[in-house]
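Letters A, B, C and D mark the chains in the order given here, with residues in each chain numbered from 1 onward.
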Amino acid sequence: MIDKRVGSPGEAVAGIGDGDTVMIGGFGEAGSPIELIHALIDHGAANLTVISNNSGSGEIGLAALIRAGQVAKIVCSFPRSTNSTVFPDLFNAGRIQLELVPQGTLAERIRAGGAGIPAFYTPTAAGTDLEAGKERREFDGRPCLLEHALVADWSLIKARTADSHGNLVYNKTARNFSPLMAMAGRTTVVQASAVVEPGCLDPEAVITPGIFVDHVVHVPNPEHESELVARGARYP
Amino acid sequence: MIDKRVGSPGEAVAGIGDGDTVMIGGFGEAGSPIELIHALIDHGAANLTVISNNSGSGEIGLAALIRAGQVAKIVCSFPRSTNSTVFPDLFNAGRIQLELVPQGTLAERIRAGGAGIPAFYTPTAAGTDLEAGKERREFDGRPCLLEHALVADWSLIKARTADSHGNLVYNKTARNFSPLMAMAGRTTVVQASAVVEPGCLDPEAVITPGIFVDHVVHVPNPEHESELVARGARYP
Amino acid sequence: MSPTAMGLTTRQMARRAAQDISDGSYVNLGIGLPELIALFIPDDREIVLHIENGLLGMGPSPEPGKGDPELINAGKKQVTTRPGASYFHQADSFAMIRGGHLDLSVLGALEVAANGDLANWSTGGEHAIPAVGGAMDLVSGVKAVYVISRHCTRDGTPKLVERCSYPLTGAGVVDRVYTDLAVIDITAKGFEVVELSPGVSFDHVAARTAAPLRDARPA
Amino acid sequence: MSPTAMGLTTRQMARRAAQDISDGSYVNLGIGLPELIALFIPDDREIVLHIENGLLGMGPSPEPGKGDPELINAGKKQVTTRPGASYFHQADSFAMIRGGHLDLSVLGALEVAANGDLANWSTGGEHAIPAVGGAMDLVSGVKAVYVISRHCTRDGTPKLVERCSYPLTGAGVVDRVYTDLAVIDITAKGFEVVELSPGVSFDHVAARTAAPLRDARPA
């Protein structure tokens, strides 16, 4: 019988290995799976490649994972924050690599990875510095760039409600990258504020079908990044 | 103020011109916008290219549009039906062109058209007769084909409920191609069984955001293709 | 060769194939004979059935008069849903297929070749209407592809062949075949019989197979 | 040149730009100054605001303490929704952008060139952290791209230039610029002043623009 629930964030991330690629959901604090990230810090896997839209705030969540030295490379559209110097300091010291990707191209590359599309062409970034090293081809007279799919060993995401099959709904703009990362992660781990039985979610309103989800962890009252930053929290 | 409602199917399709490309939603009878198709038959636009997963049943709906001689070409994954000889007869007589596309590639090409992705690579159909005329390229040692986006002058689709902004929800497996075609049509026309005010649909459960929709027609009790075929109906 | 009198009925074939579907797996069943497999999933297993027109969690046929013409499977027959079901559009449905998220697809066949090639979409006849549907997507994306099919056509022509004569659905894609006579794996060595139907001999199967057949039954 | 004392305040600039947004249009407003435009949409117009992190139908800021940290705009500030709103994921959000479904994007700028080139994502400095977000997607996909920006930097350097010196966000993408001094279209002929702010002369603007400027005001 299908029951994807696991007991704790620590159990859910225990299989992450050194050198793995990890997608982490969220746009700013909305959708950031802080409790899973903190479990990954406790777990200690190193030399990770992280794919995430931002690079974290303050010294908790994703910023803390980076500060812990576990991240060798980040694939990211906006690695700047008014509330954190963790990434900038390491980047300027040459201790972390950055692959900068326009936000829409990042989303589309992750979707492509989940959808079995190895590569696609996009007009975004043609004629800019971010064209460097990319194959250019014109369609209807318009220059476009070849972009390759992104996949990950693990995806860590946050949902509002999950059922035990892994069907998910999200909360408002916390949805952002998570449905795409759920598709593109070989193993997808969800922290959900509520966990229900199959049949409790409306089949018409499920955003991520359970087929894309491997482990569901119940985290009933997740922390909010902005509140942690406001009170100067650090992890660990 | 935004109000996309129009009074009748006839008004909604009045702008379709000879030679236009028209996407028509539906997988079999589920999601087929019969009343819009019948309005297009009344309207009489000719030499159309139709993009639709099937070629219709019986002598109503899409089959009737084809029988009326208005369709020069169909882009389709499964143009065969146990209940219709309309397409086969015209095809074997050389009076209608067919571009046969695997169903997933058809869906992805329509999505690409709506998403501003001019082309993508897919492993589907590599090494088969449907590879003919397509560019082949290997990714990770796997042969893939270059597929181009599909767009249309018009998309005709069916929804369960629309609001006056054009936000849509669908009914069960009638969803199929419609959200994709809504994105890929320059003008998208929806027939909805119910039409409500903005704010009545849950923002978390909207499947097609109104930005993709131009005209909403209220068709409160749409016909079902299988029922029409069962009673031997013909249109007109 | 004439059609075999011995061997399994289609329902028995479906029941046999159903035994090999693991608990918790996500499975797409093709139109026709493969659909029957859904009737024989063992009670102690939870299988999530995917239909490519946009549903995970397909349930049995509705009671007469209780169905919805807009809740249909890929064969355009009315179905129901199970708890935990979800609806999605065609691009998401084929993302599941192409992206390798489904564990198993069971399909019908016109021909299966010893190298795993499958032909099941077109006889290539001059006046045949070509119609492919989702077959090429399924074979290129799903983790395992099984075929369920009678061993020979109605006129006794073998369907398991050295090389397909009909247009391919996919090259080198089939992992296993369930027929009325046997369960046959396709490996780097070609067709390998892993199980014979009750009362059927290896020679009987070999005589009805148009390619070399190895006996790989457990000792 | 020193910063101009005359000309519009930022709120007046935002109010001016808001007048040109058509009823019924779908609009993305960039972070910072462009966000102010939302405050000045005329009451008789219904504009649907898109935020690229996944919402159509953005409403005003919540009352203090009433917001949701997971309902934020691209600038990561809490917002609300209007009736008719919808949420969607990032691939769908950028399908709207890249696919040409948005009518207008209003962005800030470091530099705008007479050929429509826009630089607004990086100063290219050695220790600047490069961060692009959705800017390149917006300029490559949205039907019309307007810039709203002070005419000169704080130290008086013109932002309207012959050719951008900073890394480009997009080539030939800007249609119109709203500054404290003027409204300036970008056409095949370069910068064309279509309106001067109250009390500002054409020569005053030309002196603060590092490229040729045509006077294209209605007679």
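Here is the rule we go by: a contact is a pair of C-beta atoms (placed from the backbone, for glycine too) under 8 Å apart; a residue touches a chain by one contact, two chains touch by 3 or more.
Only a predicted model underlies this, so the values are computations on that prediction, with no experimental measurement involved.
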item: Minimum number of chain-to-chain touching steps separating subunit A from subunit D; value: 1
item: Contact-richer chain pair (by C-beta pairs counted) among B-C and B-D; value: B-C
item: Computed distance of Cα centres, subunit C from subunit B, in Å; value: 29
item: For subunit C paired with subunit D, centre-to-centre distance based on mean C-alpha positions, whole Å; value: 56
item: Whole-Å gap between the CA centroids of subunit A and subunit C; value: 36
item: Per-residue overlap in subunit C, given as positions that touch at least 2 other chains; value: 55, 87-88, 91, 94, 97-98, 140-141
item: Where subunit B touches two or more other chains, by residue; value: 108, 111, 115-117, 122-123, 170, 172, 204, 207
item: Chain-to-chain touches, reported pairwise for every pair that qualifies; value: A-B, A-C, A-D, B-C, B-D
item: Of subunit A, residues touching subunit D in the complex; value: 27-31, 53, 77-80, 87-88, 91-92, 98, 100-108, 110-111, 122-130, 170-180, 207, 224-227
item: Sites on subunit C touched by subunit A in the complex; value: 23-24, 26, 45-46, 48, 50, 55-57, 81-88, 91-92, 94-102, 140-141
item: Subunit B residues within the subunit D interface of the complex; value: 1-2, 111, 113-117, 163-165, 167, 183, 197-199, 201, 203-204, 206, 209-212
item: Sites on subunit B touched by subunit A in the complex; value: 108, 112, 115-123, 139-140, 142, 144, 148, 169-170, 172, 202, 204-205, 207
item: Parts of subunit D lying in touch with subunit A, wherever the complex brings them together; value: 51-55, 68-72, 76, 87-91, 93-94, 97-98, 122, 127, 129-137, 140-141, 167-171
